[in-house]
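Next come two complexes built around chain A: one with chain B, the other with chain C.
Right after this comes the complex of A and B.
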């Protein structure tokens, strides 16, 4: 463990920026906190706990260009077109074209494809352990876990990325990382963990990448009591989060409650937008489209989400999740049931952004509390959802 | 906007009574009002199905959400539900727009009008502290904001109302079955109607471009704005999400995002009274409200038209009148 004095912070950022793009939380013109590329002199904000979006976009790009393509004329016709400046009339009878001479290539179109490689070295600085855990969980999806799919686009960026996380000193009321196996000082995916104490930060390297960062000259050895002070910050933050549900049994509960009418009640105020999934550090669904203008274009991967009507629309026109409640049910079931079955982990790191930035404040904690209890484990019969009355209300009223 | 006369509790009680009666009499399957959110700084839409739960309904200056968004085409669940709901002045205007186009069946609707004295700009208020705001209270002309450390700041209510509340001409609902409480005094001298738009219009072109690019660069195309919009009702068939035909690019960048927002702005023109639901739904705080205000300014100046004022009126782009003021220019 090392100690980074507060007055060395900017020098450390500058040091990192010498060999990588540094991405850190900064306020935009409207005062909203986002991860943005840092330049010397820019003010980095660590006081506010969470940025509006997780930094996942820096690895799992919202718009990822796979390749650029276009058609080009080759052979005789192409040469002629060039001669007349490409203004050859379409109405011109084809018969006037002389046949290609011996050995000459006949006119034909050639598809040209250019791959895009864009994976610069980057340091994501000051992200919270829940955001780092988001990468850790996406790594399983894109990194070939269990012999499944390996995604070269995601992985190239991920492998060029160093995560410098910051322990949460003061969790928000919507934080619930401790309920999903996380912690305000969690280290999943983290290369270097900073913990704010008086006068600066303690720094713990978790990986070789993190170890290398400690080579910066501004680090001091930890002084007397500093390690203890950091531990106190961690313990207090951990204790500050009251786990809103018991995670054991939740996958089974969701399975047992798949047809429960409470799904309908809880989704009433959902407006089926994609905010929860796009602010989420874990959600990874995407779509691929060819964006063409005339004869050239790009093949792009863009974020998709399970509330999008096209998400499950089949070519026949059938949509197995035409109704909003089915889309709603999928999001929670994916995070707490389907994903855990496949990857032996959860697809939620408890940041609570989906609750806070949802236009109608759909509360994941309430959904899991209500529908994540296995039937066999019920001491008393589940409350009759018809009689539950107000379903939009959070808390114990349900 | 007139100062608060502090009758929130009375109005709240009245909303509960009206909702209770409607539920008891079976006139509605459920009642949509406002209820407490995850902490005391949030008020969210609340669906009440039984009369014994109406006490969860609240009314205070944090009740921003325009509940008529739950009535638009394909949104009601189930589609044939008999719905009761509460509307403020601006909310009632989007309801009038929907009724003008016969997109909502009046027979299946029970509307409780709520006279409104302005809604707090929660977004601005929550920025007075860097850490979490856990409580917002309004009393008379003061907003008290409390953070997670228990520190409280007092703010002048007038300065932290939503922009459109400050220039609101219609605080009383334009359409309702029952009114919850006394109508409030319609303001005579409100803030200049188009102040924020005129300020923008006065900027040099390059500066406008820069501000627009900055704003729309942020858009994450989550479509919260259009799904929260009461009069944006294409639902699953929005052209901006469609693959067939593919008219709007799926690429997310300032230019494409602006294109998407322009589609929204033009599509709701004449039906959108700029209630601001899109703006407040935006998770990245793009001032979308201003786009719609701009359109409303043009409609007022060119065609002397205000959306959602009168049930008998037709949305402006569904009528043609050779004598309209614009035609005479």
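Right after this comes the complex of A and C.
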């Protein structure tokens, strides 16, 4: 453990910025706190606990171009310039149709591989442990776990990213990381953990990457009592969060309550806007679309929203989650039941942004309290469903 | 930490399509066209019946299509496509020699190997004939490897029947029991009228040695499964193929997910025993 005096903070940021893009919480022109690339002299804000959005976008882009393509006429352009990858058209035998008019062969696409310059070395600085854990949890989808594909676009950026997290001293009322196996000083995914104490920050390296950061000359050895002070900050923050539900049994509870009428009550005011999915540090669903102007275009993937009625709509018109309650149920079940079953990790790190920014005040904690309780194996099931019904109406804590 | 460079990651990308050329286009119906394609690098697609590909019409988009041809038929492959959306509309505007992008084959196909030596009961409803044709042709091309073959095909109306030349051939074969039905009869229709389940009255199913394979809309599944179970066939021998909106095709994007299962990876072919455990699968 090392100590970073407050007056060395800017020098540390500048040091990091010499070899990487540094992304840190900064207010935009409207005063809203976001993760943004840091430049010398810019003011970094650590007072407000959470940024409006998690820094998810810096690894899993909201909009990401991964293919570029263009249609060029064969024959014409070939004489003037060498076309990329265009060799394939020549040696192919013509189909058994009448040959096209001289020099007027049909257009074909030339496929170009997008350069990889958008995976630069970057340090995400001052993110909270829940946001770091968001990457850690998402990594399972994109990292080839369980025999699945290794996502080259996500992983190229992920592996070029260093996470410098900051312990939360004063959690918000919407924080519930401790209910989902996390902590205000959690270290999942974290390379270097800073904890604010009198006069600066303690710094603990969790990985080799983190260890390397401690090479900066502004770090001092921890003084007497500083390690204890940091531990006190951590302990007090942990104690400040009252876990709103008991996570054990939630997957089974969601399974047991799959047909529970409370789903219909709780989803009633949802407007399918998808704000919860956009502010979530874990939500990873995406769509793939082509954008084209005249003869050239791009293939992009963009964050998607599982609340969108078109999300599961098939071309035939069949839609397995046509009703809103089914989409609503899917999101919570995915985070607390489906995903853990598949990847051995929850898909929620307890940041509470979905609660804070939902325009209709839907509260994940209430949903999980109401529908995440397993039916007792021995007890009469009638008792449980009755209880669930009551809580759906009152929204009270159990 | 980096075993590969970022550039290598991306050249290996499962998102990069291979180029394929349209070598034949047969209009089957008002809305369905059969496209024959060939990969431009000369390689074989290497698919199993029941698998699918993601097809790109660059500038329009990418969409999943089940492979309609049998791997026994060589270097080309066929997709039977109903013109209904953007990608299918864009595809229709392409001509012979034009290129599309292909990713795949993707997903889990029909269990052709375990079906060898057994009797096959192949049931298609509507567009379900499109993926099922890959299995039917595969079985007929290797006919001696399989026991009795029964094919049931239900469609909305006689006009909606696909692959009519092949239907006539299947009907003529003595080593295949092929039966059709339509929900609505036309003036020239002399065959069975009613849902595909009404054909069960006319066939005998050997419960010990028959593998039923069905592809169709959810409503068909619900009724046909009942019939097949009533014949005494165990749940884990009933094979079904699901339609879902696969987007990435590689188990990431979430669109085709049912509970913890990605249909694009673990399906689209499942046993009824598997589907029964999944909420929302039969919706």
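Methods note: the second predicted complex is superposed on the first by the 335 of 398 C-alpha atoms of A that agree within 3 Å, B and C clash if a C-alpha of one lies under 4 Å from a C-alpha of the other, contacts with A are read in each partner's own complex, and residues count from 1 in each chain.
Note that a residue touches a chain if its C-beta (ideal position, glycine included) is under 8 Å from a C-beta of that chain, and two chains touch if they have at least 3 such contacts.
Small disclaimer: the values here were computed from a predicted structure and weren't measured.
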Next on the checklist: A:6 in the overlay: touching chain B, chain C, both, or neither? Say first, second, both or neither.
Outcome noted: neither
Next on the checklist: Quick check on the superposed pair: does A:300 touch chain B, chain C, both, or neither? Answer first, second, both or neither.
Outcome noted: first
Checklist entry - First (chain B), second (chain C), both or neither: which does A:325 touch? => result first
Checklist entry - If you stack the two complexes on chain A, which partner ends up touching A:170: first (chain B), second (chain C), both, or neither? => result first
Checklist entry - Which of the two partners, first being chain B and second being chain C, lies in contact with A:142: first, second, both, or neither? => result second
Checklist entry - Of the two partner chains, chain B (first) and chain C (second), which one does A:273 touch, if any: first, second, both, or neither? => result first
Checklist entry - Which holds for A:287: it touches chain B only (first), chain C only (second), both, or neither? => result both
Item to check | Touched partner set for A:232, first chain B, second chain C, both or neither | outcome: neither
Checklist entry - Which positions of chain A sit in both the chain B and the chain C interface? => result 287, 289
Checklist entry - Which of the residues in chain B end up touching chain A in this complex? => result 30, 35-39, 42, 44-50, 52-53, 56, 65, 69-70, 75, 77, 127, 130-132, 134, 148, 214, 218, 220-224, 226-228, 235-237, 241-243, 246, 249-253, 280-281, 283-285, 287
Checklist entry - Which positions of chain A touch chain C when the two form their complex? => result 66-67, 69, 71, 88, 92, 94-95, 97, 105-109, 111, 113-114, 116, 119, 141-142, 148-153, 155-156, 159-160, 258, 284-290, 292, 297, 299, 301, 304, 306, 311-316, 318, 320-321, 326, 333-334, 337-339, 341-342
Checklist entry - Taking the complex as given, what residues does chain A use to touch chain B? => result 28-32, 34, 45, 47-49, 52-53, 62-63, 170, 172-174, 264-265, 267-269, 271-275, 277-279, 287, 289, 291, 298, 300, 302-303, 305, 308-310, 322, 324-325, 355-357, 359-361, 363, 386-394, 397
Checklist outcome for this item: In the complex, the residues of chain C that touch chain A are 1-2, 6-7, 9-17, 19, 21, 23-24, 40, 56, 58-63, 82, 84-85, 88, 95-99, 101, 127, 217-218, 243-245, 247-248, 250-260, 265, 279-280, 283
